[in-house]
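Multiple structures follow.
Each of the two complexes below includes subunit A, the first together with subunit B, the second together with subunit C.
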Partner chain A sequence: MFKLLDGSQTLGRGPTFWSCFLVVLAAALIYPVFADSYDVGNFSYFFIWIFMALGLCLMWGYGGMLSFGQTLFFGISGYAYGVLAINMGGGSTTIVALVLSIIIAMIAAGILGYFMIWGGISGIFFGIVTLSATLVLAFFLGQTAGPEWRIGSARLNGFNGMKGMDPLAIGDFYIEGVALYYVMVALIVIVYLALRMLVNSRIGNVIVATRENPQRAEMLGYDVRKYQLLTFTIGSGLAGLSGALYTSWGQFITPSSIGLPAAAMPIVWVAFSGRSDLTATLVGSFLLLFGFQTITVYSQQAALVLMGALLLATVMLAPQGFVLGVGKLVADRWSARRQRSSKLALADTSRLQPDET
Partner chain B sequence: MSAELFSVFYQFADVFAFLILSAAGLAIVFGMMGVINMAHGEFIMCGAYVTVGLVKLGVPLPIAQALAALTAGLIGVAVEYLVVRRFYKRPLDSLLATWGLSLIVTQSMLLIVGSSITGIGTPEGSFAIGGYTFSTYRLVLFACAVAVLLGLYVTFMKTRFGVLARATMQNAAMARALGARTGRIYAISFGIGAGLAGLCGALYAPTMTLIPTMGATFVVESFVTVVVGGANVLLGTAPAAVFLAIIRMALNASYGQIIGQIGMLFAVILIIRVLPEGISSVLVRRGR
Partner chain C sequence: MALVDVKGVTKRFGGLTAVSDVDLTVNVGEVHCLIGPNGAGKSTLFKLIVGLYPPTRGTILFDSIDITEERPFARVQRGMSIKMQAPSVFKELPVRQNIQIALQKRLSGAKRVVEEDRLLELLNLAPDSGKLAGALSHGQQQWLEIGMALALQPQLLLLDEPTAGMSPEETFRTGELIQSLNAEGMTVLVVEHDMAFVRQIAQRVTVLHLGKIFARGSLEAIIQDEKVAEIYLGKTHVH
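And now, the complex of A and B:
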């Protein structure tokens, strides 16, 4: 099992990395003791989006499928959670609503993915078809203001968005504040470790092989379409997890979480962080969310301009991602100082570079 | 009876013009360079804003529209030179770079210009056939769409630039070896694409509210038309627009705009299952 966690498809290996991991985890766990409740709430809010970024990292960095539809499944699941939570009542059933809404998002991803992957579209078209679907959902939800747009007792409410659903709860205990923070940390650790195991497993190797050369992978006897569909469904399901958590966190969701410019945000996080590694995505996305939130307080437009500039700068200056680049630099220095052969690290990094994506 | 027939044609022409005008610029850039310009909507927005600005200064509408298209085209050449040029070997990165550009432009416009400016109103003029009244401007838009297609046909099939452009499209390295300045041809093509986007914005500026995010209302239609059409503007985009316009018109008439758009999207998703490289791949193969 540890071999899967420490495998060759993920950067950051060995005792040094895992000691750092444990230190960061411990810091995250004792953070609420020192911080006030506002900051703890803010951190929970940042964590909501991490799942979506990790999902995109899996699809894009490991699978070579650039999906612009993360907010599509975020929205499907977010609205599904709202509708289910309102109609099924509060209490522990909200947990059921959370699980069901993620399943709904994954089914939607499976259907859309089937048509795209079996149709054989890839590269650029994969992006613009998923983006078209995303924008159409946003437009559709935007015009559902009338009272006739209701599912059970849940009104969709057009641009003003749906509200009035219960947050996640167990019995009478609402998962809020510090409790929510710990649930988020636990979920992130589980998802992060599970994804590490997935990409280092046999399945993960096929996923990466498909990214590198689909024809060759197919010649070796793998039905690459099935692996691509699996990747797409898992990645989109993680966006669904973000969506349901978001709706539960704020007890509202609006179409603006789905359309432009929201749809560009996961792309910026993952591109800036370094799409080819889960750890880089985790760290980079958190940093960007933190920075974005800090600037949004003054001007949301300025924050979005900065995001656009970061995306442009990333592809022009560091196509593999800034965080990943810095991480590699530090790791190389480290190993050079310990007089290890740096060839080893170079061999590993070159294996992680995709051909063209 | 003829009034009903004309009414059907009118609705078809309305959707067709929208699809062609919004997709032509995107399709040219994709066909020539294999790049999807995510800032396409922002060139459309640019065309619309320049038109309205000039009309408010007293410039007659048609001249303002022509100048707007020209402005967008020139900005397009500059963008190609500064950004897009670096990414011809990395098409996915070009997607990201232009998307970043699109974010910067839209949000800066929101910061500088504010959320909306007053429009200029659709040009008056309507005519009646049978018991129905029709707006003349919608037919002008249809005529413009047909003119754009004709203009592209002439440009790419009958001029020296067209020959060089098609040679570059087929085999850029060979064209370069034979003396074609492919860099310049790419820049001009991108300029034409951006100019056509600007024209689209200029033509639709009188009919809609001007907001910096207005590009988003065009991009879905332009994306799906290019996806269905494939890499060839004349043999792909035009038939794709006819096909999608028929679906869209039928759904619009019975269920309204938004169902029309959703139906069109579903049709596109079904089509890519069968024809992943678009209609033009079939037509071009037949033609050979």
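And now, the complex of A and C:
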């Protein structure tokens, strides 16, 4: 199992990396002890989006499929959570609503993915079709203001969005504040480690082979369409997890969280971070979300312009991603220093030997 | 007994007929060479056999089973394996991982690592196993792709110009490799231009010209054929 966590498909390996991982995890776990509840709540909000970014990293960076549809599945799952939580009642049923809404998003991804992949859509057209589907859903939900647009007791409410659903709860205990923060940290650790294992497994090997050369992968006996569909479904399902958590966190969801500006965000996070690595995506997306939120307090427009500028800068200056580039630089320097010091130690030892004999 | 039986296959691309009403039989355990001038339809016929192109007309049997409608991966699973004309490897992945991806369907754990090492030694790629495949020379990429094709342990090995970009020594070694694989029972179908290489390995030869079968038989019979010499071999080459 540890071999899969530490495999060649993921950067950041060995005792040094895992020590850093444990230090960061420990810091995240003790953070609520020192921080005020507002900051803890903000961090929970940032964590919501990380799943969507990791899903896109899997599809785009590892699978070579640029999906513009992360907010499509975010929206499907977010609205599904709302409809289910309102109709099923509160309490522990919200957990069932969360799981079901992710399953619904994955089924939707499976259907859309099947028609695209079996229809031979790839490359830029994959992005165009997923973006089109995203915009269709956003426009559709925008015109559902009338009272006739309801599912059971849940009104869709057009641009004003759906509200009134309960947050996640176990019995009478609402998972909010610090509890939500810890649930988020646990989910991120589970998803991150599971994805590391996936990409370093045999399936991961075929996923990257399909990105590199789908014809050769098929010529080795793999039905590449199945692997692409699996990648797309998992990646979109993670967007669904973000969507359901978002609705439960804010107890509302609107079509603007699906539309074009929202749909572009995961692309910016993952491109800036470095799409070919899960750790870079995790760290970079968190930093960007943190920065975006900080600037949004002063001006939302300025934050959006900055995101656009960052995407441009990434494409022109660091197409592999800034965070990944910096990470590789640090790793190279570190290993070069270690090699130098071990050579020096060796030289010292050899100088000592003649004296000893 | 026929392993591959191509019956009346035609392939048209718009107004161009690349392969026209071709019948080709490759018997179990033989090394069969497909020769012909550029544009004769050799690579197209290969791609039809392996399923990269659907034929416009005709049927293809593999081990007496009609595979005409099957996708390439299903044909590979039946026991065929191909090395394409231009090196087709996973360029952004290390050499060892290329081999690993080809092997992992058949072997796992320590057995797979042993087989990886054996293939890398056989291909003279062991010192470069950590390099990205795209950083290898053209000839080495050819070797790597041959290795990936061999990793599947196919019944039928299809090699499209396997020696392009190789030195004479490497070409000879490739010939020896094919002969040893054939001695172990593997059926090999080769498209090749290098007549010295064809002489080294061929048991039967089929000549394609303008998308049609022009001649077939033993290499000696083909070399004696004046018409073949005229269209392709060039009389000066035939001795």
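Going forward, the second predicted complex is superposed on the first by the 339 of 357 C-alpha atoms of A that agree within 3 Å, B and C clash if a C-alpha of one lies under 4 Å from a C-alpha of the other, contacts with A are read in each partner's own complex, and residues count from 1 in each chain.
To be clear about the criterion, a contact is a pair of C-beta atoms (placed from the backbone, for glycine too) under 8 Å apart; a residue touches a chain by one contact, two chains touch by 3 or more.
Since we're looking at a predicted model, the values are computed, not measured.
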- Simultaneous placement of subunit C and subunit B on subunit A, clash or fit: fit
- Could you look at A:Leu260 and tell me whether it touches subunit B, subunit C, both or neither (first, second, both, neither)? first
- Query: So, A:Val206: does it touch subunit B (first), subunit C (second), both, or neither?
  - Reply: second
- Touching partner for A:Leu311 - first (subunit B), second (subunit C), both, neither: first
- Message: Looking at A:Ser8, would you say it contacts subunit B, subunit C, both, or neither? Reply first, second, both or neither.
- Response: second
- Message: With both structures fitted on chain A, tell me whether subunit B or subunit C touches more of subunit A's residues.
- Response: B
- Classify the contacts of A:Ile124 with the two partner chains as first (subunit B alone), second (subunit C alone), both, or neither. first
- Query: So, does A:Asp39 touch the first partner subunit B, the second partner subunit C, both, or neither?
  - Reply: neither
- Minimum C-alpha distance between subunit B and subunit C after superposition, to be given in whole Å. 5
- Task: Show which residues of subunit A both subunit B and subunit C reach, each in its own complex.
- Result: none
- Sites on subunit C touched by subunit A in the complex: 50, 52, 71-74, 76-77, 81-82, 84, 88-94, 97, 100-102, 104-105, 108, 148, 152
- Item | Partner subunit A, residues of subunit B touching it in the complex | 34, 36, 83, 86-87, 90-93, 95-97, 99-104, 106-108, 110-111, 213, 216, 219-220, 223-224, 226-227, 258, 261-262, 265, 268-270, 272-274, 276
- Residue set of subunit A touching subunit C in the complex reads 8, 202, 205-206, 208-209, 212-213, 215-224
- Note on the structure: Given the complex, residues on subunit A that touch subunit B span 66, 112, 115-116, 118-121, 123-125, 127-129, 131-133, 135-136, 139-140, 143, 259-261, 264, 267-268, 271, 299, 301-302, 304-305, 307-316, 319, 356-357
